[in-house]
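For reference, chains read A, B and C in written order, and residue numbers begin at 1 within each chain.
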């Protein structure tokens, strides 16, 4: 476990030095929110209907941009082979990558929310419950995204391929998260069904990913 | 060898019988109040078996993918590929027949009903599966990465259904709500299920054979 | 130290390795030659647990690569033409990362030692991105020997190095006193092979076609003629 964190720490150290992934994610999230506010006009009437969609589109699209870069740094100079030569289980590499991706995606989300609040002039009610949805949603997103990012890193068209294969798998996350967010924003707090699906999704895909990650990064 | 020669004939014969059943007046479906529903309802005799075959095909992809990762062996990869291609076509037909039926019943081609939407998600998943395959030139890596995705896709499908189910459903529960009454209707549905399953098996064997020829060549 | 028995690897319809048998004794330095596509890199990758063999067994220091991959990885250091170094980390940070992955004792001290052994002490805090190819390859040696493995696997380590860097690379390998390390090296450079190894072998279409002690090779010309007669093309 300590060595999983070393992998994550190494990633974060390199990332905070160049900020390539973080900056492109943040900028892209900002762009999405801005484009939505252009598309809906400056003061849309039913903002609580639009907000869940805008937020989750921003999270998933910007997050995916980051995920698609997650294994490219390993590919330069053959680092992935170097990592695979280390005396650790393949699953430790997966967990390490999940941790670093989780931190970067969370930073993006934490920055995006205030941007959204300011640009749409909308104060989010029940912020605590919103976080309760975002956390398992982000976990599921990162669990699957990290696995598929490893899968596509060696393909010719990975920039376009990752979204194409990732989004259909993410449907349960997006549907449940948007549905729950919509409820919470309109003051209904009966989101147990959604949280249950998100939790199940996270648990199932974490286990599946641990089992099959080694095949995704084999040569 | 013998089965391969007989199978197309059996499939064709079953299919003809199945179609006769569907067009027979006695196979009309009745609504909850026993009132006869329009003839367009008969599309469900195709719709349901198509969906069944699509699920079956994707299940075969799932099993073949697991076997490939466990044991290796090109045949499992060929099984997965063949089944995925057939599954995508049948799943596409599920969407088309569903849309025709929806237009006739509700006057719109598309409704965001859980089962229809799940079929769309399934179609997207396995179209993505085929796209992933086409993006990897090396045969062995293609087989391995496709197997990984073949497992993920199948595991995610039921969760998609449950999450979409959170939106309210308007799909007719024909099978469970007692719309199917009488031996004739049940036989008609069963014979269609058998016919389409045979068609799947036949197409599957053909597709596998073609792929085997590619390898030998 | 390394024993390979009936090792085969098939990629689709393409047989990369065919029933390879090879014994490498402790302290031996074997140089493997062969044309592109003969299976040299595949052999190294299988020995280093990066890819799984189709059939056959490889036992390294008593551990089977199939069942005890982690024990095998602890005992090998791999240097390839790829450096396995992170460009956005400094030389020291790279070694810190790999050292922690191998759970090296007294890591900071060990890092200072290996960095000075490869002559990079003045640049230890600089990003690898700013290094020349030769410096990266030297740091790559430091990375491979950091956990003091008894076995070194070198896959075309001279690729992309200028003559000066090649000389430095050799000197470092010698200084490391490799006599007590078991080394398998693949290369195109006869001069390096003759100079460094004590056993020379030729791999041809997935089979070991030739394998003799280094002392039987009189000079480069002699080995060149042998190579041509076995492979049918110039080295």
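Heads up, the rule we're going with is that a contact is a pair of C-beta atoms (placed from the backbone, for glycine too) under 8 Å apart; a residue touches a chain by one contact, two chains touch by 3 or more.
Keep in mind that what you see is a predicted model, and the values were worked out from it rather than measured.
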Listing by label each chain that touches chain A and chain C gives B
Central chain of the complex, centres being mean CA coordinates: A
Which chain has its C-alpha centre farthest away from the C-alpha centre of chain A? C
Contact-richer chain pair [B-C vs A-B]: A-B
Cα centroid separation, chain A vs chain C, in Å, comes to 39
Cα centre of chain B to Cα centre of chain C, whole Å, reads 52
Rounded Å distance, chain A centre to chain B centre (Cα mean): 32
Among the residues of chain A, pick out those that touch two or more other chains and give their numbers. 218-219
Could you tell me which residues belong to chain C and also touch two or more other chains? none
Chain A partner contacts - residues on chain C that touch it in the complex: 45, 48-52, 70-71, 73-74, 76, 78, 80, 82-89, 93, 97-98, 100-103, 127, 136, 143
Hey, which residues of chain A end up touching chain C in the complex? 2-3, 6-7, 10, 13-15, 17-18, 73, 76-79, 81-89, 218-219
Chain B - residues contacting chain A, complex: 69, 121, 124-125, 128-129, 131-132, 135-137, 141, 144-145, 147-149, 151-153, 155-156, 159-160, 162-164, 166-167
Inside the complex, what are the residues of chain B that reach chain C? 74, 138-140, 215
Where on chain C does chain B make contact in their complex? 11-13
